[in-house]
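Letters A, B and C mark the chains in the order given here, with residues in each chain numbered from 1 onward.
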Amino acid sequence: MTTARAAAIILAKELRLEFRTRELLNATVIFSLIVVVLFSFAFEPTAAESRRYGPGLLWIAFLFAGSLMLHPSFSREQTNSTLDALRMAPISSFSILLGKMLANFVFLSLAEIVVVPVFSVLYNVSLTGVVARLILVLVLGTLGLVITGTVFSAVSAHARMRELLLPILLLPILAPLLIAAVEATASLLTDEPSHFGTWVAFLAGFDVVFMTVSWLLCDYLVEE
Amino acid sequence: MKLRFVGTIAAALLIMFAGYAALFIAPEERTMHEIQRIFYFHLASWITSFTAFFIAFVANAAYLATRRAKWDWLGVAGAEVGVACCTIGLITGPLWARPVWGIWWTWDARLTTTFILWLLYISYLLLRGLIEDPQRRATLSAIYGVFAFLDVPLVYMANRLWRTQHPQPVILGGSGSGLDPVMSKVLLVCVIASFGVMTLGFLDRYRLEQLRHECEELRQEVESRAIESQSISKKGQT
Amino acid sequence: MAASSTNLAPATRSVGLRFERVEKRFGSLWALRGVSLQIHAGEFVALLGPNGAGKTTLLRIAALLMSPTSGIVQFAALEPQNSKVTFDGPPGTTEMQPLGAKRVIGMVGHNTLVYDELTAVENLTLFAQLYGLDDVAARVATSIEACGLASRGDSVVRTFSRGMRQRLSIARALLHDPRLLLLDEPAAGLDRQGLAWFGATLERLRVDGCTVLMSTHARNESLDLATRAVSIASGRIEQDSGTGGDPRPLLAVLRAEA
C-alpha cells in the first residue's frame, strides 16, 4: 500500500470522526470569530488602517485558533490506544502523520472560509481582485501551520498540560510564517509596493523545510 | 577531580580578569563612553549562547540517530547553558541600548532572532519538565530541539526580508567595525573567558544529568531485587 | 511460493516467531531480560506469569509496537509441510520484513483498539482498508456476522457494552486473516455468548495452522487448546514445556496457584 493511499484512508477516518460531532470545528470557527471581533473593541481602525493592520489580526486569529485546535490530533488516539492499532497496520508512520496533517488542513481551511469574509465585512476591507492570490497565501500559510502543529500535537500528547503546551511550543516556531503570511496578505490589500512573490516563495520554503524534517523524523514521532 | 578543580579556578580567574580588563584596561569609547564597556560581555554572551544551542542541536540529532542517553544529557546541558547566556545577552542589550540610542529594544533581525531563540529553548526546557518517562522525554524533546534550531535561520531570513522592505533607522552598527586594537584584545579575552564559564556549565550540567540517571538505575535495581527476594521467600513458603 | 518478503502467497499459511536474547528496559526498569524463545508455526503457546512479569511487553514487541532495547526479533513464513521454524534459511522459509510481518499479525490487547465514535462497521471497514484487503464490504459483513454484532453494526461503539466491545476488538484482530495471533487477556469482559464464539474461533484457527501466543493468568478454558506452556517472571522465562512437549503439568501447577 502506498503512503498516499494509506494517508487518504486515514484522512477519511479523521474527517468522518470530526464531522460526526463537529465539536472541534465549531469551536475553532467561533474562537476565530471572537478574536476578530474583540480586536474591533480594542481599537476602531479606519478603512486604511484596517487594510494595513487587518492581515496581522487575521493571521493571529488563525494561529491562536489553530494551535488550540490541533492538539486532539494525537491525544485523541490515546483513547482505547487506537494509535497502536494504526501502528500495527502495514502502513508507514509517515502516512499516519500525513493523513492527520491533511485532515487538520481541511478543518482549518473551513474555519478560514467562514472567518475571512466576516473579517472583510466587519473591517470594510475589499477583497475583489485579490481572491485567487489571497487563497494562495492562505493555503501556504495554513499548510505551514498544520505541518508543524500536527508534529507538535504528537510531541505534546505524552506530556502533562498538553493543551497549553502545544501553543507554547508552536507559536515561537511559527514566527517566520506569521511575518511572511502577514506581509503577503498586506501586500494584496494595501497600495504599498508589492513583494508578494518573495513572501509567497518564503512561505513555500518554510513548508518544504518542515515537511522534510517531519518526514525524516516521523518514525520517532509515532513510536511508543 | 583535580583537573576539574584546577579548571574551575582557572575559569574563575579568567572571567575576573576579563571583567577587570573590560572595566579598566579597555580605553574609553569616544561616543558612548563608559556604558560601552558592557559590549564586551554582551557580544561574548551571544557567541556562547549560540554555540551552546548549536551543540544542543547536534546532540539532539545524535540522540535520535543513536539513542544513547549521553546525547540527551548533552542536549539538555546545551539548552540550559544557552538559555542562561542568552538571558545575559537579552539583559545587557537593552541596558546598553537605552542610554546610547534612547530606546530599550528594537525588532531588528538579530534581536528578534535572539529573542525567539530564547523562547524556543525555554519551551524546550518546559517540555522536558512535563514528560515523566525518561526515554520519551529524550526522544520528544530531541525532535522539538531539531525543529527549533532549524527555525532560527528562517526567523532571521524573514526579519531581514521584512527589514529590506521597511527600512528602519540603522541603530546597531556592525559590532566589529573598526575596533581599536586594545578593544579587540579585551573582546577576545572576554569571549575566551565566557567560553570557559560556558564549558564549566556544560560539564556540570552534563554530570548532574548523568548522576540523576545513575541514581535512578540504582533505585530500580534495589526495587527489583526487593521484589525478587520477596517472591523467592513466598515460593519457599508454599 | 512467495519469494518476496512483503507478499504472502496463499499457500504459505504458517508463521513462526523467534526472540533471541531480547531485552527491554523502560528508563531504569528492566521489563524483559535475556528472553530467548522460538515459536514454531502452528504452535499454540500459553504465556503465563504474574502481573508485571513482562508478558504484555513481550507481546507488544512481537506485535512490532516497540523495538527491543537489545536482541533480535524475527518472523518467518513457512510452507505448510515445514512446521519447524529454522531461521537459518533452508528452502521453504522466508524471513519477513516488518511491513510484511504486520500484514499477518493480529493482536488483541488490554485496550479495545477501536474508535468509540465510529460504528462497528466503520471501524472494521477502516482496518480492512488499512490492511489492503480485497472486497472490503464482504469481509466486513462476514466478520460482523461471525462475532454476533450484525444487529448493532451501525451503532457507534460508544453505545456498546463491555462484552460487545471486546468482541469487536477480537473481530478487528482477526479481520485480515492473521497467521500469528497475539492475545493479551483476550477473554476479559466477554459475556457467555462471546466466550463461546471466541473458543470456537480459536479452535478453528488452531486447526487451520495459525500460530497463537496467548497471555493469561486466570483460569481460562481456552488453555485447553494450548500445545505449549511458557511461564515468565521478572522479565525472564522460567519454565517452558517445549515444542512437542506436554503443557498440561505446567498448566496444572499454574492453575493451582491462581
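In this text, contacts are C-beta pairs under 8 Å (C-beta built on N, C-alpha and C of every residue); 3 or more make two chains touch, one makes a residue touch a chain.
Fair warning: this is a prediction, and the values are worked out from it, not measured in the lab.
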Chain labels contacting subunit A and also subunit C: B
Pair with more cross-chain C-beta pairs in contact, given A-B and B-C: A-B
Per-chain Cα centre nearest the global Cα centre, belonging to chain: A
Relative to subunit B, chain with the most remote C-alpha centre: C
Geometric centre distance via CA averages, subunit C-subunit A, whole Å: 40
Length of the line joining the C-alpha centres of subunit A and subunit B, rounded to whole Å: 31
Rounded Å distance, subunit B centre to subunit C centre (Cα mean): 49
Touching two or more other chains - residue numbers and ranges from subunit B: 133
Contacts with 2+ other chains: residues of subunit A: 223
Sequence positions of subunit C contacting 2 or more other chains: none
Residue ranges of subunit C in contact with subunit B within the complex: 26-30, 50, 233-234, 257
Interface residues, subunit B side, partner subunit C - complex: 133-135, 213, 216-217, 219-221, 224, 227-228, 231, 238
Subunit B contact footprint on subunit A (complex, rising order): 148, 151-152, 155-156, 158-162, 165, 168-169, 172-173, 175-176, 179-180, 183, 193, 195, 198-199, 202, 205-206, 209-210, 213, 217, 220-221, 223
Sites on subunit C touched by subunit A in the complex: 60, 63-66, 99-100, 102-103, 105, 107, 109-118, 122, 126-127, 129-132, 156, 172
Subunit C-touching residues of subunit A, taken from the complex the two chains share: 1, 6, 9-10, 13, 16-17, 20-21, 79-82, 84-91, 223-224
